[in-house]
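For clarity, chains are labelled A, B and C in written order, and residue numbers in each chain start from 1.
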Amino acid sequence: MKIGAIARITFKEAKRDRILYLLFFFAALGIGGARVLAILTVGDRVKIIKDVGLASISLFGVLMAILIGTGLVYKEIDKKTIFTLLSKPLHRAEFILGKFLGLVLTLFVMTLFMSLIFLAIVYAHTLKVEGTLLVAIGYIFLELVLVTAVAILFSSFSTPILSSLFALAFYLIGHLSWGLELIFKKMTPGAGRTLVRAFYTVLPDLENFNFRTEVVHGLPIPPEIYLSSFLYGVCYTAFILGLAVLIFRRRDFI
Amino acid sequence: MAKTASAKKGTATILLVAFLTAAAAAFMALKVATDRVGREKLPGSSIIYIPSGKFLKYATFGYRALAADAIYLWAIQYYSTPTIDDRFDHFDHIFAIINELDPRYQDPYEVGALIAVQDAHNPAAAFSILDRGAANNPDQWVYPFNAGHVAMETLKDFPLAEKYFEQCLKIPGAPEFVERLRANAIFKKGDLRTSWETWLDIYKRAPDERTKKIASNHLYNVKAAIDSAVLEDAATKYRERFGHRPGDLEALVRTGFLREVPKDMDGQDYLYDPATGKVKTVTSPWRR
Amino acid sequence: MADAIRIDNLQKKFRLGFIPKTRQILKGITFSVREGEIFGYLGPNGAGKTTTIKCLLDLIHPDAGTIEIFGRSHLSPRSRQPLGFLPENPYFYDYLTAAEFLAFTADLFGLDRVEKKERITRLLKLVGLEQAARLPLRKFSRGMLQRAGLAQALVNDPKLVILDEPLGGMDPIGRKEIRDIIVRFKDEGKTVFFTSHILQDIEMICDRVAIIVGGRIVKEGVLRDLVSERVLFTEMTVSGLSPEAFRGLGESMSTRGDRVLLKVYDESKVEEVFALVHGQKGRLLSLSPRTETLEDIFIETVTRT
């Protein structure tokens, strides 16, 4: 399968990027540091470890997705390897999807390793591994997948630095969605409110993938949200990828 | 042959756009659905680890004022969410952070004190906030003023109120009615002599008729209080001696407990009720 | 014989620069490449050769015009299934080994595993890179990269091979090797389309050519037809006579010792020179008629446009 072939070499290329290992090192440091921080708290130590651990996986995962993703397509165009690639019987969509899957695979591996370290430390403290922790990590990964799609979207038409900024902006906007909700809830009905509400619905809400608080405090998670959050992630990712394909198809490679 | 291929490319684009629209519609619908699912919010869960203001000052890399704004905005929403039961647990700490980050940001001091008194029922926190405000903004009279107000109305701690009103008066630009508040605080705390002198001073320096009238009324009130105390004290001594209350105030003079019966500031007699032994004024001090 | 490539009224303009200035690069290109022939596409730098190829490969979207590859529109990715492309510079993934790179290329053509393995081994042997199969491409020399490029262009055993400036920057031995390879392609029944500005090589191997100048095809046709057999002048080297003897018969180009190099424009005068030499007991050392070359046509065409 052609998409698979492109995904495989993208994975090969991505895993050579030193940034990946630098970020992994800091993530491990963060997770390990949680262990040290725990000694300073009064009370529930495990809570800090879980909090900091999940936050590290999330934060460094996003950085990996952005820093590597924004270079992926740009490098091909800059180094002109894209000429060799697109001169083959390939749809441009297959190229984008291949790159995307390759990076997702890379992030999966990195998340796996970070999670193993994290779960090992948690296990060392509690002698059990809660299923809910895996759920939280799973949805962190879904968020990473969406951010990857965004990084690739911007990478298909912009330089790595700008793409990184845009992708970062997307991430920040995604976590401030609740702010928009607050605003339009306090507005009087009218054109302004409809506009804000429209923005609120269209702009991403990355908090939908954030189960860290519930998991760490042992709060119940309503089961409906699993499906709707998952589908939300899938549909939004599909949308972003579709956009990337649309833009990429129209490009001239001079 | 070529034409149909470019037509194919056109339809591919149309299909792609249709797909995009469908995906967008889907995720928007899912967003609405997800919003509807209520997620339990842990009370105060978002602020379990609160760093000190000093730490944040350095951690915000120079965007201190912005951080102060953001935290303040968040705080307003947070404290107006009644469902979070324990939201006041770290109230002063949070406002301390805001004040530390931007000591010149005036609103948080006032609003914080307001919330402390009205919602948190924690006047101590209000004082803490207002003292900080005064310390960081020695040119602002509002802070000792508000503190005095809290002391006066909520705590009924009149010496404390007096102290704050005095502090307020030291600040140039403090409004002149603070003098009257101070005088009133002195009166309420029971130091009638000083209260009289203070009010007299205000009366003498009154810049307009209205102030003069107010001062005059208060002077009347203070004199009435002083006189009542004297009269009632004499009456009590009379009662101790004779076993019954005096019939009228003259009796006190006749029996030597008083040198003379004082009159109120307007020269009117005080009203004495032999049944209760209480002395009252003819008119209300405020309706002379 | 079907057309391997048919291009009709191809137009493309670019908007470049901060304040966009439009430059019309291709102004209506029309030509065809017949199946089984070697076709040379020449032109000065900036004429639009590489742009034409990029349009063909769907790397650039033309403003107008159509392109067909073996009868299939170039817009369909399948049109590139029978195609092999060697770019001017090697744009390859430098972290892959030669074998990995060829395997990846084979995957893109959809070759199955057995085919893939067999092809790769054969191709590496063909281009002489068997020893370097496990070496990452970034360690390859220029020549090795060129050979790897050729290998990747042949992975799918293409019916049509497109080469962009394959002879550029090579020494005479390298050029001969490439020429031989191209001729061998023709013998195998492949069609070859290549761009170049080394005209001697084109003259040696091409069946048909097209000359593009300023975005337009200014000459197209069978090489033999374009280049007439007309003799421009005859060069004769004689000895034993002084240059003055030939005044009126030809132009004396140079003298060395008693050797004179003559350029005789009039064919009839050749016999006279011959007779003169013979009569004066001199010696005719060499005689070569100079026919019109492609270079002459090229320069004439370009300067005329």
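What we mean here is this: a residue touches a chain if its C-beta (ideal position, glycine included) is under 8 Å from a C-beta of that chain, and two chains touch if they have at least 3 such contacts.
All values reported here derive from a predicted model rather than from experimental measurement.
For the chain pairs A-C and B-C, which is connected through the larger number of C-beta pairs in contact?
Between B-C and A-C, the larger count of C-beta pairs in contact belongs to A-C.
Suppose every chain is reduced to the average of its Cα atoms; which one is closest to the average of all protein Cα atoms?
So the chain nearest the centre of the shown protein is A.
Which integer distance in Å separates the CA centroid of chain A from that of chain C?
Computed from C-alpha means, the inter-chain centre distance equals 50 Å.
With centres defined as the mean C-alpha position, give me the chain B-chain C separation in Å.
Each chain reduced to its C-alpha mean, chain B and chain C end up 92 Å apart.
Please list all residues of chain A that touch 2 or more other chains.
none
Can you name the residues of chain C that touch chain A in the complex?
14, 51, 54, 57-61, 77-81, 83, 85, 87, 89, 91-93, 95-96, 100, 104-105, 107-110, 152
Write out the stretch or stretches of chain A touching chain C in their complex.
Of all residues in chain A, those touching chain C are 2, 4-6, 8-9, 12-13, 16, 79-91, 250, 252-254.
Touching residues of chain B toward chain C in the complex: what are they?
Answer in residue numbers: 1-6, 8-9.
Which stretch or stretches of chain C touch chain B in the complex?
66-68, 71-76
Which of the residues in chain A end up touching chain B in this complex?
Residues 51, 181-182, 201-202, 205, 208, 213-214, 217, 219-222, 224-225, 228-229, 231-232, 235-236, 238-239, 242-243, 245-246, 249.
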